Amino acid sequence: MAATGDYALWAWLAPGLSFLLLSLVVPLRRSGRPAAWLSIVFSAGALVGAILAWRATVPDMARRILWEWIPVEDGVLTSVGVLADADSTLMLILVALVSFLVQLYSLGYLADEPPASLGRYYAYQSLFAFSMMGLVLAPNFVQLFICWELVGLCSYLLIGYWYQRPEAARAAVKAFWVTKAGDVGFLIGIVMLWSRTGTFDFSDLFAMAQGGSDALTGIALVMFFIYLGAAGKSAQFPFHIWLPDAMEGPTPVSALIHAATMVTAGVYLLFRTSFLFEQAPEVLHAVGWIGAFTALFAATLACVQADIKRVLAYSTVSQLGYMMAAIGAGFASAGFLHLLTHGVFKALLFLAAGAVIHAVASNDIFAMGGLARRMPQTFVVFLIGTLSLAGIPFFAGFFSKEEILGATWAGGLTLPFAMLVLAAFLTAFYMFRVVFIAFFGSPAAVATGAPAHGAHGRDAGHAHDAPPIMTVVLWVLALLAVTIGIGFARSHPESEFVVPGFITPLAIGVAVGGIALATVVYPLRWISPDWLARRLAALNEAAHERFWLDDLFALAYRSGILGLSRIVGWFDRYIVDGILNVLSAWTLTAGDRLRRVQSGQVQDYIYGIALGVLLVMVLLRWPR
Amino acid sequence: MSALPEPGSPLVLEVGLALLMLIVFVVGLLLPGPDKRRVGVLTALGLVVLFGLSWRTEAGGELFRGAFVQDELALFAKRLFLITTLIGVLSSLPLRAVTFARRATEYYLAILASLLGMLVLSSARDLVLLFVSFELMSIPLYYLAGFIKREPEAVEAALKFFLIGTVSSAVLAYGLSFMYGVAGTTDVRGLAGAVAGGHPVMLLGMLLALGGLGFKIAAFPFHMWVPDTYEAASTPFVAWLSVAPKAAGFVVIFRLYLEGMGDRVLYWVPAAAALATVTIIGGNLMAIPQQNVKRLLAYSGVAHIGYMLVGLAAVSANGAAMMLFYLVAYLFGNMGAFLVVEAVAQAEGSEAIAAYRGLAQRSPILALSMLLFLLSLGGIPFVAGFWAKLYVFWAAAEQGLYWLVLVGAVLTVVALFYYLLVAKRMYIDAPDRREPIPVAPLLGFCIFLCVLGVVVMGVYPKPLVVAALRAAGPLF
Amino acid sequence: MTLQAYLTLAAMLFCIGLFGVMTRRNTIGILLGIELMLNAVNINLVAFARFRGDVAGMVFTVFTICITVAEVALGLALVILIYRIRRTAVADHLDLLRG
Amino acid sequence: MTLASFPVLSVITWSPFVGALLIMFLARRSAPLVRGLAVVSTAVPLVLSIAIFAAYDREAAGFQFFEDVPLVPALGINYQLGVDGMSLLLVLLTSIIIFAGAFASWTVKVRSQEFYALLLVLVTGVYGVFVSLDLFVLFLFYEIAVLPMYLLIGIWGSSGEVRPRGVFGWAFGRTGVGTKEYAAMKLTLYLLFGSAFILVGILALYVAGDSTSFSFLEMELSQFDPRLQSWVFLAFYVGFGILAGIWPLHTWSPDGHASAPTAVSMLHAGVLMKLGAYGVVRLGMGLLPDGTLQWSWLVGTIACINIVYGALSAMAQTDLKYVIAYSSVSHMGVVMLGAATLTEVGLNGSVYQMFAHGVMTGLFFALVGLVYEKAHSREIFKMSGFARSMPGIATAFTIAGLSSLGLPATAGFVAEFLTFLGAWQSSHPWWLFPGVIGAFLTAIYVLRVTKQIFWGPPSPDPHFLHLPDARGPEWAALWILVAVIVLFGVWPSLALAPVDSATMPLLNRLWVLQ
Amino acid sequence: MTLESIAFGGLAVVLLASALAVVLTRNLFHSVLYLALSLVATAGLFLSLDAEFLAAIQLLLYAGGVVTIVVFAIVVTERLVGDRITQTSRQLLAGFGIAGALLVAIIAVFRRAPLTIPRPPMSGDLTRTIGESVLTTYVLPFELLGVLFLVALVGALYFARPDD
């Protein structure tokens, strides 16, 4: 058991080491594939370390390894290190696993990249893995925040991986700014919390919370600020706008960062510090409501997307909403469970989608079609992912989603519960919409839509399964999804709340209902999509416009910040500096004016003398 | 009638100078040919001898019932006058004008006469002697100012100088008459007692006298002759004129207003402070738009007088000492600058700032020395001017005149503005022509002397400070 | 007569002279004004000397008178010179140097 | 410590000066020799300052490597040197920046002899200010540090173009805004104007103090009358604050930095502005506790204005150098804010920010210089897609940018984080919010610029075809600075331990009064 | 009204009147003559102060010397014929203002602190004492005066000589 911390430490440092090597040894990085293999090997090592660490943990025991980071007069302000317990190591496994698989997968997906930029890609990947693990293992708020920002950086760099595409560049910057806006809140929260409690350390804070220290009473505002950070990272409404655009990055990146790990950091944060949030129930309520609303809201958006990755992105947002709702209901563990399962099957979905895009050279589902026959393996794994996302029994997503529904009900959030149910229905619908459109039906003639990079310009007609290195990864994930699902079905880990009996049938019901509707609309064409759209014209329109939220943010940025900056800039140059210039100009003018006194006429000079004498007399307040 | 006094007698310098004048006069008459410039060499040698002699004579000793006193202040001033005149004479030797060549005798005679006036003035402690030596100092200046009588500007300048000069000396005499009347004696020491009586008429007289002296030191409202005269007269003479008579004026001020006044000196604080303020501001502002370097230096010189008046406003031994120090710093800086102007003018035939384009690339040494002089005038560390300003401000600060210090310090920035404009011409602008500027060896030597003075004083001011303190000590 | 009277008279003379100096256009006129001012000085000195019963003032006067004469000589020479060069002796025209 | 045996501080301070003399007299127009001498005479202090940084006894704290030579005993002026944790760090900063600067200005062709000579003289002044404990000597060095700037900018600078507009437009034509001469004159005069206040303040302390000496150590002991302290503190605040770019006296810095040649901008924004902040902390807070307590509200509030206002102004600029210059204004706000909090973390953060910002802005200006030298343009919105042609520069620029927006693992984060902690603890907690908002705004304009210049499709402009990446010596400049940024970002205690040992005594003197 | 005061009054009137005439009359030549008159009046004042010696000097040097030189100068610079010798004045008001202000200030001082010194009886021969003191106490200024004259003459000659 003593080893758990050390295993975790190794797991954490492995990718860090590979990052160092890749960034400092320039020729190695430039060489491309060797760099890739190096990074892969190290992440494999990380995976092993993570598993060992998890196996070494014992319940209700945390192992800490700390080093002083910032000293102060009396002791240590904050330290860095590892806090390894059951939860963190579990999360560690997820991160290590997904990042390992994704790196493996990328080797095939980015096969056509020039070596130099491939090396760059893997350097970023290692950095991300390092930072994410650091986040997971963080023993205190400071390290958490540091890694928090670093994963944000990695996401920025990886979204902008194809930096020469204007969309990619824009999306990267947008993602950074929006999350940063949340982080501002996070930082403020941390600072406030510190000045209240005088510590950043989770263990100390936990002890305080247990002891009911009054330093923690009435910290609603603090926790809300911290939640802002989580909302930004985990794309909660209204911060969700960056996630769909983030799909400009390579698909494996989306799978790793924007589906499985980084975006869930917010959830993990709330789960990790739930003992603090419990001190501020009103904040928890807000979390629940916002989460549920986000889930539903994103689901509706997902229904109208034509870009397969965007569908998945919105579904991610929606699922994150689920997790948040559960935490808001006060049952963080349920959210955490869903986090884990979702991590697996959403990665699966993204990677499968990646395979499709790789084959079809397009993100547009309407440019696909009939792929089931040409890419059978991909079809199967995608279907598995879809089923578990839709929440069909014996698949990974089913149990965790049911848990969440139960949690919200038990938490007494009735209306959010309803929203979640509706969202579940929509989820099943839009996922199968994708399945039917992309994999069945007749193949579209020519690939349209944006050409996905890293793929040759093949069209749906001659698409075939991805190279083995990618399919292997897919199968591994699919297997996991199924095993987890069956595992849960066999051994039901009892939850700390009573799940009313109607939950399970309801969950299955809405899922099946959603699938049914999709079947009715797309393959069978009993109801035409257009009719549906016309029925829900307003909603359809709004969804297509993303409810004008992005426009709103753009407006705030352009006319708000940039406008203000222009005003300030003008003020600085033409008023502040202007006054200075006026003063100097006046001095010059004064010189000229005074110069005229020197008229060159001797009498005037004598006036000078007379006046001088008078002046002196007056100055002595004469006559006294 | 006074037989040659043995060396060490208070009068030795004056008598020596008189002899020198006699010799110069005779030699000038006997010297064959139209070119009489060689008397200049003679003059210079004589001055060197006198300067050496001035270190042999020690302070102490009075003559004519204390009308003539050889104290530390007098000696300090006399050495100052001698070295200034020496530099002035040396730098005037390379002058080329034909008139000058033929009339060199008169020129040097006049300079020596004026110098004699200064020497006596610095020791005079009797109103009559003071007034006469004052006039002896002034009258040759009018003559020298108009020496280049072919040029209308020069003559015009001389006439203006003369008229204003006589008016101000009338004012001075009027003031002196009151001082005499109230004190009932022409002895300066007697005046002090009378001031202690604080009789208004006495103060009236002193104010009028201050007006008269204000002209000589060129404080702000009385300064107007300065730029015109400087611009028109021959540069070596101006270099000398810009230092020696002002120093003499300050010595008179010390004698009349500070010596033996006790706490009554506080009378002058408001007047001096006010004069200082207007002089600093006026001088600096009017210097800004100047395009002719000599005019620029003239106005900046006015501003410097303002800074010295700050020291006067401090009315303390330190203040007076710091003024003396300032005078010496100003001597080297200002004369040096004027001599560089002369050098450039001889080569370029222009005294405009524009003539200095790219001087740094044409003849770097000359440019560097000019820069040093300007920095010294601007009061930058490690050249004399910095310490001068610092000490003066310091004395004022001791008197609690922080506002005056602030005004002075801030206006220094304005001064640096126009000094840097010249520096810009020299260093930043590209030269029109490449070939270096030829400098007459003697002129170069004088410039070198000034650089030496500026730098040495800047790096190691201590001995001079001590000397100044010793000189100003007996005043209080 | 009291000393006061002499002083007052001298003061008036002085100011009249100053007035002349400041207002005359012709350089010679200015010179005359200066003469008046110095005259006032002399009166002052003599009066003081007399009332103080002290000879110094008288001596002072002697010197001032002599100096004045010397100055006037020099000044008039200058006037003549400038007249020869510039064909005018009017001060207002003498403003080559200004600013 | 063997270092204590010989006058290491004097060597550090004067070796650049010696280098300057050698360059002027030995290196006759031979550029390689000039550069060689420059590098050597900057490498010596670098090595030595690293050595003393290592050798500094953190337990003993206080001033070490003490030197004391009477200069003008009559006036109590001594050549008195010594470093404590604060100046130690800043000396190190100076060494790093000037060493990098020597490489960064490798390509100065015109009159390079004079250029390096002046630069080195300037550096001597900077060192002198940081190490001298005698206020008077400090002032002398201060003047040396300011003056050469005029020629450096005037001769080797570059002119921009500013259109006269607005109510005061008429004045702009008169003063000639935009030209390098204007910038040089403005900078020099503004700083000398400030030094006037400093001089008055120092004299006032000397006259009022009960010790007849300019020594900091002796003045520290003497108690000044609170009313005197009040206005003298203001004098110091204005005088040094001008150099630190406090609002609204900051306008010299954008013009000056934009016009200055690369190395000078590096040195000026990187080190000289710190010199102002250092002056406020060392003289203002160190000698005038009452004055500090009396005016900290003003200092902090103006600092907040600096942060937000500077960031917004930076956002509004279209000239790359102006962006960086205004970012300096904003970051100096963080420095002053940290100082104003009067808390341990805040003050440590302030000092750390001096260092961090020094390095990052030095890096920034080095990069801008490189870009300008290769692309001959500073117009942000004309450039695009440079990352392909100059990846190294792009990377370095990104790192500098990240540091300036306070991203963790760069020195900038530690500094800002500490400052914010201090701000919320201080007597004016609301200071926290402008600070954080400033960091956010920084993220916006820095990334915007990075994206515009380095990302996106390569610009069609023919001038921008085949731009070369950085070359040999230039790499040295870049990687030194990048390494320092990251090193001090991941290992803050390296610098914070000595800094803390220097700030605590100062704060204790303040706290006893509270 | 003693005889003395009458005499003083008369002299004062003449003096001031002629002085005013000097500075006001339009004819330069006339103003010189008025100057001569005022100088004579001054001499009279000296007499009333028992300073015969000074009165004599005044008459000789001033009324004699100065006036002649001035006339000579006028003759050189202006043609005696015609109205060329008329001279005008400038800024009369400003000049009057300033001069008046100065006068007021001075008079105010006198009023504030009148110097009431009794006139002591004359003792001994004034001319003799002057002569003695000039050759004893004031010998140095006396010699300097000689130098001064020399220089002034040299200068005057140098300027006035038409050649070179």
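We call the chains A, B, C, D and E, going by the order they appear; numbering starts again at 1 in every chain.
Quick note on the criterion: a residue touches a chain if its C-beta (ideal position, glycine included) is under 8 Å from a C-beta of that chain, and two chains touch if they have at least 3 such contacts.
Here the structure is a predicted model, which means the values were calculated and not measured.
*Asks:* If you take the chains that touch subunit A and keep only those that also touch subunit E, what is left?
*Replies:* Touches both subunit A and subunit E: B, C.
*Asks:* Compute the shortest path length in steps from subunit D to subunit E over the network of touching chains.
*Replies:* Each step joins two touching chains, and the minimum needed here is 2.
*Asks:* For which pair of chains is the number of C-beta contacts greatest?
*Replies:* Greatest count of contact pairs is found between chains C-E.
*Asks:* Please list the single chain whose C-alpha centre lies closest to the global protein C-alpha centre.
*Replies:* Measuring from the global C-alpha mean, the nearest chain centre belongs to D.
*Asks:* Distance-wise, how many Å sit between the C-alpha centres of subunit B and subunit C, to the nearest whole number?
*Replies:* Their C-alpha centroids are separated by 26 Å.
*Asks:* Please report how many Å separate the Cα centroid of subunit C from that of subunit D, as a whole number.
*Replies:* Inter-chain centre distance comes to 64 Å.
*Asks:* Could you work out how far the Cα centre of subunit A sits from that of subunit D, in whole Å?
*Replies:* 37
*Asks:* Just curious, how far off is subunit E from subunit B if you go by their C-alpha centres, in Å?
*Replies:* Whole-Å distance between the two chain centres: 32.
*Asks:* Would you please write down the residue numbers of subunit C that are in contact with two or more other chains?
*Replies:* Residues 7, 14, 17-18, 21-25, 27, 30-31, 47, 52, 56, 59, 63, 67, 70-71, 74, 78-79, 81, 91-92, 94, 96-99.
*Asks:* Multi-chain contacts in subunit B: which residues touch at least two other chains?
*Replies:* Residues 128, 132, 135, 139, 142-143, 146, 149, 159-160, 163, 167, 171, 181, 200, 204, 227-228, 289 of subunit B each touch two or more of the other chains.
*Asks:* Of all the residues in subunit D, which ones touch at least 2 other chains?
*Replies:* Where subunit D is concerned, no single residue meets two or more other chains.
*Asks:* Mind listing each pair of touching chains for me?
*Replies:* The list of touching pairs comes to A-B, A-C, A-D, A-E, B-C, B-D, B-E, C-E.
*Asks:* Can you name the residues of subunit E that touch subunit B in the complex?
*Replies:* Subunit E reaches subunit B through residues 106, 109-110, 112-113, 115, 137-141, 143-145, 147-148, 150-152, 154-155, 158-159, 164.
*Asks:* What residues on subunit D touch subunit B, complex-wise?
*Replies:* So the residues of subunit D in touch with subunit B come to 72, 74, 139-140, 143-144, 147, 150-151, 154-155, 181, 185, 188-189, 192-193, 196-197, 199-200, 203-204, 207.
*Asks:* Can you check the complex and tell me which residues of subunit A touch subunit B?
*Replies:* 587-588, 590-592, 594-595, 597-598, 600, 602, 604-606, 608-609, 611-613, 615-617, 619-624
*Asks:* Touching residues of subunit C toward subunit A in the complex: what are they?
*Replies:* 18, 21-25, 27, 30, 91-92, 94-99
*Asks:* Which residues of subunit B touch subunit C in their complex?
*Replies:* Within the complex, subunit B touches subunit C at residues 127-128, 131-132, 135, 139, 142-143, 146, 149, 152-153, 155-160, 162-163, 166-167, 169-171, 173-174, 176-178, 180-181, 184-186, 227-228, 231-232, 289-290, 295.
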